[in-house]
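Look for chain A in each of the two complexes below; its partner is chain B in the first and chain C in the second.
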Partner chain A sequence: MSAANWRNAMNSGAGRAAMRARVSANGAGTLVAGDRALPPISIPTFWRHIGARHVVVILFALAYPWFATPFFTFQIGAQSLALGLIALSLTFLGGYGGMVSLAQITVAGIAGYGIAIFGAASAADATISLGWPWWVAVLISIVIATVCAAFIGWLSVRTEGIYTIMITLAVGVAFYYLCLQNYSVFNGFQGFQRVHAPTVLGVNLRDAMPFYYLALFWSLAGYFFVKYLLRAPFGIALQGIRDNPRRMNSLGFNVTAHRIAAYALAGVIAAVGGVLLVWYNGLIGPGSVGTSWIINILIIAVLGGMRHPIGPFLGAVVFVLLQTFAIDLIDRERFNLLIGAVFLVIVLFSPDGLLGWWAGLKSKFLTPRGGVR
Partner chain B sequence: MRKSWKIFWTLVIGLPLIAFVVWGLWDNTRLFVVTFLNGMTLASLYFIVAAGFTLVFGLMRNVNLAHGSLYLLGGYLGFLVAQHTGWFVLALAAGFAGAALVGLLMQVSVFRFMPGEDLRQTLVTIALSIIIADLLLWWLGGTVHQADAPELLSGPLRDIPLIKAYSKYRLALLPIGIAIGVALWLFLNRTRVGMMIRAGVDDRAMLSAAGVNVNVLFAVTFAIGAGLAGFGGVIGAVELSMAPGEDVRLLLASLIVVIIGGMGSVVGAALGASILGLAETYGLAYAPTYSVVFTFVILALVLAFRPRGFLGRPA
Partner chain C sequence: MRRTFVKTVVAAAVVAAFGGLAYAQQGKPVKIGLLATLEGPFAAGGADGMRGAELAIKERNGVVAGRKIELVKASSDAKPDVAVNATRKLVEQDKVDVMVGPLSGGEGIAVKEYSKTQPNITFINGSSGAQATTLVNPSPNFFRFNTEGAQWMVGLGKAALDKGYKRVMVIAEDYAFPYSQVQGFMSEYCRLGGKVPVKAWVPLGGKDYASVIARIPKDVDALVVVLGGADAVNFLNQYEAAGGDKPMVGGSITVSQDILNYKGKRRDSLVGTIAGSPIADSYDGADFKKFVAAYQKEYPVSSGAYPSPSLFALVYYINMKAALDGLELVKGDLSDGQKKYQAALAKMTLKTPVGDVKLDANRQAIGTTFITEVVKDKQGNLFNKVLRKVDGIDQMLGMKKEEFQMGSRDVPNCP
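This part shows the complex of A and B:
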């Protein structure tokens, strides 16, 4: 949907006028969000926004599977990307919409269950799985997950602030218990096994390298989608709502509609991540949407930092590395203790996550006068 | 809401409910009454745990997501004490004291230093809940711990009309829940500390300006709230059982109870606990695989029509 459509759909006339006034008042169409001015991106000027660090990161990500072992490509690379994509939806909602939703893994799980139910799963569950073509299953799953995300949003935006976290947590845990109890649709405790990525045009997406590139493609798509959205009128209005909902309301913006739309958009991102995650795991069950994963997604987002869309991917890499190699540091059983302690340290000492820590280091050592870049 | 709409919704929700009650009584009276008692006894456990949650939230705006872990801690402590001494009353005291101590530590060493930062406090409670749950798992393992009811309350109570027999312990939970509710109400409404807590709920800054040491008050409230979770844990160790994962279950129950009942209100917690307890047990008895759906539908309906819960007030 184009920017103009958004404005028409979302705002009344007063809102449009206010927006124009505000944009012109800020000079060259900038609006200060956080600590940095964000110029709007249009497609022709898009390339100007790509700096050296972007090129380095993308080249590294593209070249990664050529020098990494299949284990590192699949277990570390692809898993980080899939988890990062789900956490990205939380960063978008929490960092830019001011709504920390704990139900993002639930949305991803709904998409994952959709893949298993509409598509093909293992023979034992053939009575439930409908066995439709994979692309039909993927499309339907993402649509259903998005609708559910919008519904969760509709429920939780009725109250504000800290209440959001409670309501979305309740929704997430309730979905977990539903999956656990229900056998006719969700196949109870066992869930679905052998939910595999399809073979497309002769390329088996189950293999490490094709799956990695699939995950990378959608992660980049999600990343740039969020980057674009944040500078589109909708994203700027959303950040305005985060900072001061009452003012935005009196400026004529429909706060509730913006918030629900943010939930739905985050739902699309989480759903894509959920499809990738179910293909990565090859199975889905109540354990995939349980409290530990609800909290893990939050940890990933907070660990990386909620101030920038790269944060969740950074957090996901650290999380996956910890999860994989904690066995060498401490007992495998005590992973939760380690991740809990890491999370506690981050929350206590660096609320903006690793990115905030990095920015703090940078301003300390690179610019002695502080703050000037 | 206009009066005619109120009547309309009362009818839409009330008539099917009455129809269900009539059908349930006619179809299988015993099952219906037993389910009702199960629901109310479960509700009194939910109330005890959720009252602590709502007390802490009402005063400090601190969503203590480690509340379930404190419940688990209290339950394990109670189990161990009951096993070693055989005194159930001592187990209750140990559960309350242990959880209260941990809660006090949390407030004094962490939350005191981040006043007003709701989200950060909540994230800290999440981190603490992971750590506590894992430490408990490390300490006591993943097996199910089921404490025995005290001698006086073990076994069924026989010769009740309609339902023949019912567990004495579960029946005793009803008066225990009511007693705790009344005690809490008296504490909040009739004592000096309770008065300060109520004043703090309404206006924290003003209370501080009036010369009350808010930090001490917060510590006391947090200890009582956490202690109630531990107390509930000991009761739950007999009524349900203690195992890893029970913390999440009670946390979910506490969340739903306070969302339905209204955050920061003890009477609301009683109302929410009754609704949740009844919905859960009737759901389990009459539609086992979808019982959580009823809970969810109730949650959605309450949020749709009364976003602050039945007795909640604007924050």
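This part shows the complex of A and C:
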């Protein structure tokens, strides 16, 4: 099977389905290139694109910590948002760029390690942390992580489909072993302890509610950033490249540059998620960027569905709930079986994850008007 | 199917209602959280740790100071962030009064840090044995009634020299607990004139030891192997396959019951291995024999348990017993942010199967260590024979505070 065939096989899921939905909704017999039928969002008309469902979800998310316990606010809410943000970067790359990168937790981990190394942390018997002000550390970490993401992109854009997965997996595992075995910078197995969120303007961001709102703010920012990007010329070109890179190339688009830029943009999202995650955990070590987390991020993205940027957040909520509460349902060492079974059922019955279920329900009970957006 | 389910729910509700009446007279149940590793490299040890902790509760028939004990369990995979997530769930969601756990060294440090944010809950260690947990930034509500990794190795340096091992190579996992174990061994071994030319630090959960085995120098007399769980089994198998024949000195969890019962060929070559440990299968103290008998009665081998309790079972038992004995002392009074309970724990002399334990100013146990040697019994089971019993070991290992250096990759050093 040639690389191009692989690529088609990889793409046939999310993107094609969305396009089909839209084509039928438009009622046009001619093939309109999916999202191009929609006008690009410009900043002044941005508010027009916020629908009733957005308002409901945002109101719920805003009110959530007022009726949820601090535990549900912090461990379920904030953790889901941070993980969702990292998975969003994968959804953006995979769902809209056609490049499934397993190195997104690596980019997040680079930002997280940056926070620990440039900012204040404790590393038991070593003094590695530079103790710079938190905002300097955050900025530098995100910049470094973005540069690394662009580099990972540059390494992997010439590959397609399964080869992209392999090369990004290799990068992820290599970074894991680097963290594990380097002591002068990454402090080996132990990593860094006490990497805490700062106190800003008298608000301690370590507390459950402030941290939740911080995570919510950046999740919303990431969500709308991706939504905006998808209808901007860049995003439309990217989706064109996903569907037919050769044709886009002959139309004069620089395919490689677009793809690398997509990696860099996804890198920014993953880096912000990584900063949130390290503040959430209060520590970072090789275990935070190891293979289990590489897989977990993929699970979250696939679970939620890769056809819409809300997918990864849905996936993260289900993932975190299962991870936290499965042991209450089944005793002892069997609870991982339940987690696996739920994932299997979701993916088996809906190849498009939870969003696929949602779309199925909608088309069953509601008159389809605008298709799935 | 559904009908049975409904019936079960109704039955459970009835039982709960009547049960509730009964407790109401004696105070509401006391909730205890229990965290051990049921996943990852220490899954087998974690399961046995849970058995030990449950045994301490069963001994009291599930009641302490007239209050019923409600146990809420959680699992981690030996990763600190997972352990903190699991602990946070037990404390903030399940609202446990007392927390027992975790199992592994790095986890212990992370959970201790978390305990500072919950001053009104009492945290008691599971079996984690990193020195730093109670030596560096100790937490006022984190108690450890087991001795830690370095204390478990006191006396082993001398035993190794007595066996004629003048030069040894250290092979240990690369994290806090083995650092402590190696420090406990080497500080004594080096002081008495032993040499350690090579130390190999391997990642926890590593599967491939070929590069380590290739680095073993010809002129060392023995290997000091501080690996636990699946790692130890993997190393032993690969060392066997590579034709290795050096005698071994074991860390405390290298020759624990969970390792002695693995089914590999190299198993027999473990015979003669000396080790330092807080548990010795053949120790003939009356309390210990009672403990072993209770374990064997409650958890027969057919249920997946070991012929004799492992280190994890003993240490979890000790810490759970401490939690319960403390509750008994204050008559189940956990009011006022558990201040009375925590003060009682700090002062208490705990009776354990291997002798009395007291806490020092950092709430760290001062207790007993066994120097053991692996022997084979008539049934072909391997077990640890006691060579020597060392009592009253404190966290400074008998050194002065000025000369004591906490273990790390490079400390101590005597090539």
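Here is the rule we use: the second predicted complex is superposed on the first by the 305 of 373 C-alpha atoms of A that agree within 3 Å, B and C clash if a C-alpha of one lies under 4 Å from a C-alpha of the other, contacts with A are read in each partner's own complex, and residues count from 1 in each chain.
The rule is short, and it goes like this: a residue touches a chain if its C-beta (ideal position, glycine included) is under 8 Å from a C-beta of that chain, and two chains touch if they have at least 3 such contacts.
It should be emphasised that the depicted structure is a prediction, and the values quoted were computed from it without experimental measurement.
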Which superposed partner A:70 touches (first chain B, second chain C, both, neither): second
First, second, both or neither for A:183, with chain B first and chain C second: both
First, second, both or neither for A:170, with chain B first and chain C second: first
Partner chain in contact with A:336 - chain B first, chain C second, else both or neither: both
First (chain B), second (chain C), both or neither touched by A:283: second
Touching partner for A:199 - first (chain B), second (chain C), both, neither: neither
First (chain B), second (chain C), both or neither touched by A:344: first
Chain A residues contacted in one complex by chain B, in the other by chain C: 181, 183, 333, 336
Touching residues on chain B, where the partner in the complex is chain A: 61, 63, 65, 110, 118-120, 122-124, 126-128, 130-131, 133-135, 137-138, 248, 251-252, 255-256, 258-259, 263, 288-293, 295-296, 299-300, 303-304, 307-308, 315
Complex contacts: residues of chain A adjacent to chain C: 69-72, 74-75, 79, 122, 124-125, 180-181, 183, 188-191, 193-194, 281-283, 285-288, 292, 323-324, 327, 331-333, 335-336
Complex interface listing, chain C residues touching chain A: 38-39, 43, 47, 50, 73-75, 77, 79-82, 84-85, 88-89, 92-93, 106, 109-110, 113-114, 132, 136-137, 173-176, 203-204, 406, 408-409
Residue ranges of chain A in contact with chain B within the complex: 100, 155-156, 158-163, 165-167, 169-171, 173-174, 177-178, 181-184, 290-291, 295, 298, 302, 333-334, 336-337, 339-341, 343-344, 347-348, 351
